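Several structures are given next for inspection.
Consider the two complexes below, in which chain A is the common component and chain B and chain C are the respective partners.
Up next is the complex of A and B:
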């Protein structure tokens, strides 16, 4: 039974065309580019284009009110180098991005090792302890905002109640206090991410090796260093690099807790760029320059991460 | 003797540290919950221990749902979240399939580019992007976020799905195609179902990241009634340093519930999504 009717000349031409299109579509490179096109279209329009536009804007004196703006060369960048608030911003970002990471790494590793043992309700606890990383940061930061409140803070209440302090602690009132408070909230949010990533890695640790080492008389620490650590080393490095990048480029936590205050002393790149570029005077040129000052650090971290990931693949 | 020794070692090496982590990681949520239920008269009374709840009220939730724009923010957040997730997931399945299964010139380069795109943070782009959004006339419309969220969702989801598609042996679809299936049929009927756990992970994660996003929502839809839950709560419920803690914490609770529920049902997908970058590499 043939279903195709005997083709007339007029039908045969479109049929052949369809065949050719079909043949063309069977070639892997053609299909690959076709499949990737919607994604790349969005990324080109809303990622690559704004990236280069941002470089251009940072070289102009464009403001929200005056969207054309004049080309000013590197004036915005030079101005920032003389700006004391920007100096503080750079310092804060490095403290916030790098000092919190060892805490998150160690706490996350400890938590992962704990959750890797057998105990009742293990799955419930594993699920519950990931919550800080899952819920909207802007909203959980509101809880921290109240925990740090100058009047209502339960920490101050407890310490006063125990007779350890006389008056409430100004958690967000001075630069030092505010930065420590920001770091603690950040450690709170980031520790579960480390824990779960490391926990996943621990599943690959061969149990027999552990037992063999125990029989040989190795104690917990020795077994960890000799058996566990080599297996999870890759995950530790990659998770750490990811965490540095994200923390370095953070926004919400600082925006909600201090908005860069008191007296603009706790800004990080993201919040300062927002305040200068969008929030206050709408100086888009300088704002874009602040953001782009992050780029060298991000580029170096990304290059390290990429090299590491590639070396793990090979 | 040995038993009590083991018990005390378990106590000190397992249960006490676990208790510390539980208190540290969950206390802010406990605080959120009790403040959202605490009557104002008790809230400001510093004589009472603030850590307990002696009476509770649903007044703050009633106020939030009837006297603020919260319901509208919830609608906005839902529209944006579903739109952005759908768009990202569709493009990422195609992208991940191409990167994971096709051999073509530039394939490695495209994979590297996607990985690097994943590392470009919104704080680097938001100022020029606000100009792009304005130029396209998308300001204060749902499209402003539905089209920009994919810039961080597609790299992540494509990377994750690429890993999944790679693990499926090539022979499977070659067999199907020898049996007369077209490439699209093989992809749709055989490969995609096998990659379903990955698709689910990518979808759940895209949902969460969109629901939680703050910076783009603040800049592109930060005025009037088009705010999302996080932005509306942070900018409208805090007015001139007068904190309405009850409604604020109620909003924080309600705004966290959808992701918390999604999370409860799909913990394992979350975990595999979270570790996709780190483990799969």
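Up next is the complex of A and C:
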């Protein structure tokens, strides 16, 4: 420990200012706060403050045209409970968040196991696999918009060509179709991140154990469960939790592909909040309330994350 | 017996090959569509059956994209914004995580819980208040306005904290006994042992900032301050649906820098995440 008892030294010999500052900096709590303060400053100004301001706005009838709204208590929240579009929004967000994640997890795991095998051009393929994640969502969603086009969709063309369908599929035309289409695009975009995280985890799996288990007659599945899974379990849990959080708070993919349509039936929290709060109506109060309805779910998820991380450290 | 094993191995090979092929097709198809579309004439893009290989590559689409909007300026803006934000995040997150793991200070548990909480505040909640803040600071159409509000340190602190906890304590204690102060410890012990996780963090956040759409859209309102993703979306408005070629060419240009970053960093990433960065 270099934390010399600064006080006693100062008493014995009067120190020059520079040295006194140096001793002061040697005190661990002071140094810790100094190290943490720049990060905290940004978090406070651009995360906590806007968060609490958002809560305040959600309790007012503030609009874009009328910057100083009046306090209305929980009226915005109550109004949303009677709003049919909001009911759909809640359902959609849950479908979007919780249905896509298992697919991303399983597909990502399979991909990672696949790319962990030895085959020619493996590195090129590993890089190519990550493309959906590297391409800006704003742009890949444009590509999906073309692929889902009501008239020009290559999917429809292929299926028609194979004689599986008679007329073009309205990929974004009905609520059910649109939600399935959104989920597919989301799975496509999200799977590579799982694959890369899991692939990385697989590098830590001890090969000797695998070989020993194989000699003792364990088949592939048994070896996966007994040797591989325990090593990558942590990565699976954390990646899954982050993915749920990110998917829940998504915006761009839905905004570009459906804008919440048809007939406001495919909104998720982010897009509906945007539409009510900033886009069309400019009802900032209600928009903020919509975003904040997301909070309980995200709070539960982060509590799980925190507990998991702590339990691993105990 | 041996022939049976050889047979099984062959079947395994073929199956593996088929699966790899399937993955390539599914993951690659939309991107193949973009990349080849960038070289097609408009008629080819809208032809049925679809044209898989452009008959006469239209490199002129790239020129058209570059001329239709000030792409050079967009690239400069994106590069400054991305590098600025990532540098701030890396520096602040490393310092915070170091303090949380290696310094004796009260309330570490609470601070860590708050960091996790910060991870989940939805950006739709903070977007508007942050816009009001930077408007009041006079930061609209400035680099500080583009950079500072999105310099999200929380995930970095999380990542680095988890990694630092796996570093061998004995090594650090030994360095301390040799009279190494905290700055020295960071420079000579912690940073060298953290290279893979730092590269992982850099790649994740370079991609995130390079691709960010919503915040630059809100924080700027003049064309010369827009970033690349918005520039491409703007190209979409300028060219309209009648002219997909230049739009797709712009898309390809927008993603090339990140492709280079990833290919260069790939060796590190796999090591990084596996080396404790994402472990519980």
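Simple rule for what comes next: the second predicted complex is superposed on the first by the 297 of 314 C-alpha atoms of A that agree within 3 Å, B and C clash if a C-alpha of one lies under 4 Å from a C-alpha of the other, contacts with A are read in each partner's own complex, and residues count from 1 in each chain.
Everything that follows uses one rule, which is that a contact is a pair of C-beta atoms (placed from the backbone, for glycine too) under 8 Å apart; a residue touches a chain by one contact, two chains touch by 3 or more.
Worth saying up front: this structure is predicted, and the values here are computed from it rather than measured.
S.K.: Between chain B and chain C, positioned on chain A by superposition, is the outcome a clash or a fit?
M.R.: Taken together on chain A, chain C would clash with chain B, as the superposition shows.
S.K.: Once the shared chain is lined up, is A:71 touching chain B (first), chain C (second), both, or neither of them?
M.R.: neither
S.K.: Figure out whether A:43 sits in contact with chain B (first) or chain C (second), or with both, or with neither.
M.R.: Both partners, chain B and chain C.
S.K.: For A:202, using the defined touch cut-off, is the partner it touches chain B, chain C, both, or neither? Pick first, second, both or neither.
M.R.: A:202 sits against chain C, while chain B stays out of touch.
S.K.: Check whether A:131 is in contact with chain B, with chain C, with both or with neither, and answer first, second, both or neither.
M.R.: In the superposition, A:131 touches chain B and chain C alike.
S.K.: When the two structures are overlaid on chain A, which partner does A:249 contact: first (chain B), second (chain C), both, or neither?
M.R.: Both chain B and chain C are touched by A:249.
S.K.: Identify the residues of chain A that lie in both the chain B contact region and the chain C contact region.
M.R.: In chain A, residues 26, 28-29, 31-33, 35-36, 38-40, 42-43, 45-47, 49-51, 53-54, 57, 111, 114, 117, 119, 123, 125-140, 142-144, 146-147, 152, 154, 157, 161, 188, 191-192, 196-197, 199-201, 234-235, 238-239, 245, 249, 251-252, 269-270, 273-274, 277-278, 284, 287-288, 291-292, 294-295, 298, 301-302, 305-306, 309, 312-313 are touched by chain B and also by chain C.
S.K.: Within their complex, state which residues of chain A touch chain B.
M.R.: Per the stated touch rule, the residues are 25-26, 28-29, 31-33, 35-36, 38-40, 42-43, 45-47, 49-51, 53-54, 57, 67, 107, 110-111, 114, 117, 119, 123, 125-140, 142-144, 146-147, 149, 151-152, 154, 157-158, 161, 188, 191-193, 196-197, 199-201, 234-235, 238-239, 242, 245-246, 249-252, 255-256, 269-270, 273-274, 277-278, 284, 287-288, 291-292, 294-295, 298, 301-302, 305-306, 309, 312-313.
S.K.: State the interface residues of chain C toward chain A in the complex, per the touch definition above.
M.R.: 16-17, 19-20, 23-24, 26-28, 30-31, 33-34, 37, 46, 48-50, 88, 91-93, 95-96, 98-100, 103-106, 111-113, 116-130, 132-133, 148-154, 157, 162, 165, 176, 179, 181-182, 207, 210-211, 213-214, 228-230, 232-233, 236, 244, 247, 251, 254-255, 258-259, 262-263, 266, 269-275, 278-280
S.K.: Can you list the chain B residues touching chain A in their complex?
M.R.: Its residues touching chain A are 14-15, 17-18, 21-22, 24-26, 28-29, 31-32, 35, 43-44, 46, 49-51, 87, 90-92, 94-95, 97-99, 102-105, 107, 110, 112, 115-117, 119-132, 147-148, 150-151, 154-155, 158, 183, 208, 211-212, 214-215, 218-219, 229-231, 233-234, 243, 245, 248-249, 251-252, 255-256, 259-260, 263-264, 267, 270-272, 274-275, 277-279, 281.
S.K.: How about chain A: which of its residues touch chain C in the complex?
M.R.: Contacts found on chain A: 1-2, 26, 28-29, 31-33, 35-36, 38-40, 42-43, 45-51, 53-54, 57, 111, 114, 117, 119, 123, 125-140, 142-144, 146-147, 152, 154, 157, 161, 188, 191-192, 196-197, 199-204, 233-235, 237-239, 245, 248-249, 251-252, 269-270, 273-274, 277-278, 284, 287-288, 291-292, 294-295, 298-299, 301-302, 305-306, 308-309, 311-313.
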